[in-house]
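In what follows, chain A forms one complex with chain B and a second complex with chain C.
Presenting the complex of A and B:
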């Protein structure tokens, strides 16, 4: 019996480990454990006002802070029948695009690229890949700039509030954002080409189901009230609990999800697989040139999917900014009631994020939050099991730990990181 | 003399502090040149618990395992710095600290923890100084890039960092913003540690207190002011405790004990640290 124990995954967001038990040439067990300590956010918001919720829930994650804020805003505003004006909606879409650029750039350059180039960190890549690191920093910095001007800070900005914004971004900064985005398009193309140049190994390939929000009017995007599933099913976000069936497992503080009893994948790869044909412009050209059936089976293409999404975001910003500048600056919409229930969902960088709230007398009585990584964990386990099985049957046992970590990182898990101590235990005992 | 060894370690939180450090750009590369980074989980592989000149901590302690790790880091580190509101005060996950309902809340989220999680042993969230001695604090939610670079430069050179002792209110005045408290909004600027540049106030958003209690502050005075403005004691307590962590819990207890408190007689909180 051999036990591979990746005590703590590094270069992912959060604390987690992987244990793989191998018996001869067979995989006995694969477990992705999340040690991220429990914070009980869903219960902390009970008894609080909607304004308090908006201060608390973005703190779940330093990377997807605005996705949490946006999903919460949607859920709370649905509960309180607040319909925000178009300019507010478009400005929120713009801030989410900023977060997707920031998060994807962090993942592809700092967490994933060192794997493909054989380094321990992006900092070590500077001497030989200085241009790439600079490009990554500039792209990530631009994403943060966009988040900062709309939310008031690079991380945990409080400007997006119930019914609108404390202050809308000025024409001047909107123009600045538009011009910066246009300048960065050629850099994004280079990123797509870099990630298209890597060989993605086939030992991870397996069939799975994909899920993403289905933006209206046949467009690509990150916000909708409807869930699209690769089985051709479409469900309303209100039904999310039925669709993703969460459960608790004893070895992880992150909950697990199944769709019809089977693991599924969310995130950039799911969005491209489900909605990629809707892409236009340069992102659309790259999609047509690079897309293949392998994307449906191989999670490593998530890196490439993220690179294409960065390009999509940069091409979308100028159009969005023009639309926003053509609209009157609205005032903040106030609620007329103090009770109700509502589910809000957005595509966070890593996949569909759901926030459910129930309110009475102006205070929260119930809350449920389903994060993308929690939804992906079962599929990450299944992919690891497939990969270890395939590698063992081919007699490949070198660098098994690194290969497994690369797979986990490909999904871009966000389980907020601890020390990295890979331990391999081999014993001759039958158990 | 060899390079100073530093290590960044992360507990329960949003990893916001590591993200801010990663966003330091050119200065981050200078820091990499000047030091040997033994741990930086979000940025590099091969992280270790080893002898350190400076240990940097983010996140609060919410499992037995984290408590053991924190004690191990302390035993290896000459200087330990808590970064961010979770490590410094306990963070939002400590807002109900001491209310006795932690077990119930845990069960509502995860079910019966006695059967589950036997190996991981969850705890009610506490700041790092509840278990080990902390030498310096860099507040924030998340920390500010300039304050981090200022602090790490000082500590690397053997001197103490100077961080703002005053509240967000002062920074807000520097920015010449209209006072939101005067407009009747529940702004926590007078109680909250400065350093954020009054970021929210510049967007007409009242301070929510996310940097934690200032070094010297007058909680009873703000309490009375908000009562005068028409807020209920429940609303005020909720706001004060949201980011106030362990020190605010203590302070509110003292205020509640004095039924006829006055701003002058009531105890002054010295930041709790």
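Presenting the complex of A and C:
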């Protein structure tokens, strides 16, 4: 029995690893382990006020801080029957777009691109791909700037509050954001073309199910109250527990999810597969030009999906800014009740994020949060199993560890963040 | 301190320096780089930056600036010295840490700067405490004031000139 053990697929927020057991030419077992201990956030917020919750839950993630805040706001506002006005909703959407740009840019330029260009890190790319590195920095910096303008801080901004914003962004900074976004469109096109030029290996290909929120009015986007599934099913976000069927496994601290007993994928690749036909502008043109049925079977296309989403976001910002500036600045909506339940969901950069809250006497009595990476873990394992099986059947055993890491990175899980520092231990063990 | 002072003055006098203060002000001495930059910012707003100004954008702008030849990052650095001790590190000795989820590494930024013919240094101040929500320690505060004192005449002069 041979065992490939990627002990430390490390990331800043936690630690994970991959173990693959091989018997001859057969894959006996694949496990993706998340070693990071439970942080008990869902229990920590019980007994707290909604205002406290909004300061606690974004700390779950330093990358998707605003996605957590937005999903929490939606859940809490539903529970308290707070209906926020259009300008508040649009400004929150703009905030989320900033986070998607910065998160996708980090992944495609700095974590994934070195794999496809044959470098060990972005630092080694500087000599020959300095322009790409600069483009990544500009894009990521812009995403952060947008997040800062709306949330008041680059990370863990506290300006989005229950019922609205502490302060709405001024016309001046909105115009600045619009102009900056327009200038970056051509850079985004270049990165789409670069990722479209790569030859994505077929050994990872398998059939799976995709899931993403279904924005209203047939539009592309990241916010909705309904879940679209590639089986042509549509469910309300209130039914998410039934849809994603969470469970625990003994070898990992992260929960797992299945849909009708089978693994599924969320994230940019799911959104493009389910909603790509709704894209317009240059993002729509690239979708029509580049999309194929392979996107339904090959997770490496998640990189290209993220690049197209960056382009979509940059093209959407000017339209959103124009709409926001045409609306009156609203006052903060206050709750008229202190009890209820509500589920909020948004598309975080890595996929659908759910926040459920129950309240009584103005305090939280129950909370449940389901994150995208946890939803993807079963499908990552299935993909790794498929890939190793296909490679072994072809007699390819070189660089298996690197290939496995590339697959994990393609899904852009949080554990991919420091993947270039992975320590690989390969051993031949007799079980 | 004398050697550091000499080296610092050498750096400041010989090149067109841009200073970027780094760190987390919520964590005691880790905020020292930000505090130095805040105290100097008014003297030369186009030469002094804070991490919160957007590190990526600031460095990209510097790459295109002809009047910026040297970048001096200031941050708390645990190099095993005594609390408040100051050391200056050249680009080659920056820690080869990876890109994190939050920020790109200093080494990547300095590699980009080097490619464009610009030098970069890290002025590191040994922290005493990184406790959350605490004040900067007395030892580090003294070093902070010293660094500001060394820089102030230069940037005063620079603005007048």
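The rule we apply is simple: the second predicted complex is superposed on the first by the 410 of 431 C-alpha atoms of A that agree within 3 Å, B and C clash if a C-alpha of one lies under 4 Å from a C-alpha of the other, contacts with A are read in each partner's own complex, and residues count from 1 in each chain.
Just so we're on the same page, a contact is a pair of C-beta atoms (placed from the backbone, for glycine too) under 8 Å apart; a residue touches a chain by one contact, two chains touch by 3 or more.
Please read all numbers here as calculations on a predicted model, not as lab measurements.
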item: Touching partner for A:62 - first (chain B), second (chain C), both, neither; value: both
item: Contacts of A:173 with chain B and chain C, given as first, second, both or neither; value: neither
item: Touching partner for A:155 - first (chain B), second (chain C), both, neither; value: both
item: Chain B versus chain C as contact partner of A:121, first or second or both or neither; value: both
item: First (chain B), second (chain C), both or neither touched by A:130; value: second
item: Partner chain in contact with A:140 - chain B first, chain C second, else both or neither; value: both
item: Chain B versus chain C as contact partner of A:42, first or second or both or neither; value: first
item: Partner chain in contact with A:196 - chain B first, chain C second, else both or neither; value: neither
item: Contacts on chain A seen with chain B and repeated with chain C across the two complexes; value: 11-13, 62-63, 106, 110-111, 121-123, 126, 137, 140-141, 144, 154-155, 417-418, 420-421
item: Residues of chain A defined as touching chain B within the complex; value: 8, 10-15, 35-44, 47-49, 52, 55-56, 59-63, 65, 106, 110-111, 114, 120-124, 126, 137, 140-141, 144, 152-159, 161, 165-167, 248, 250-251, 253, 405, 416-421
item: Parts of chain B lying in touch with chain A, wherever the complex brings them together; value: 9-20, 22-23, 25, 28-29, 32, 37, 39-49, 59-63, 65-66, 69, 91-93, 95-96, 102, 105-106, 108-111, 115-120, 122-123, 125, 141-142, 196, 199-200, 202-205, 208, 210, 235, 238-239, 242-243
item: Chain A residues touching chain C - in the complex, by the definition given at the top; value: 11-13, 62-63, 106, 110-111, 121-123, 126-127, 130, 133-134, 137-138, 140-142, 144-145, 148, 154-155, 414, 417-418, 420-421
item: Interface residues, chain C side, partner chain A - complex; value: 52, 54-57, 59-60, 63, 96, 98-102, 104-105, 107-108, 111-112, 115
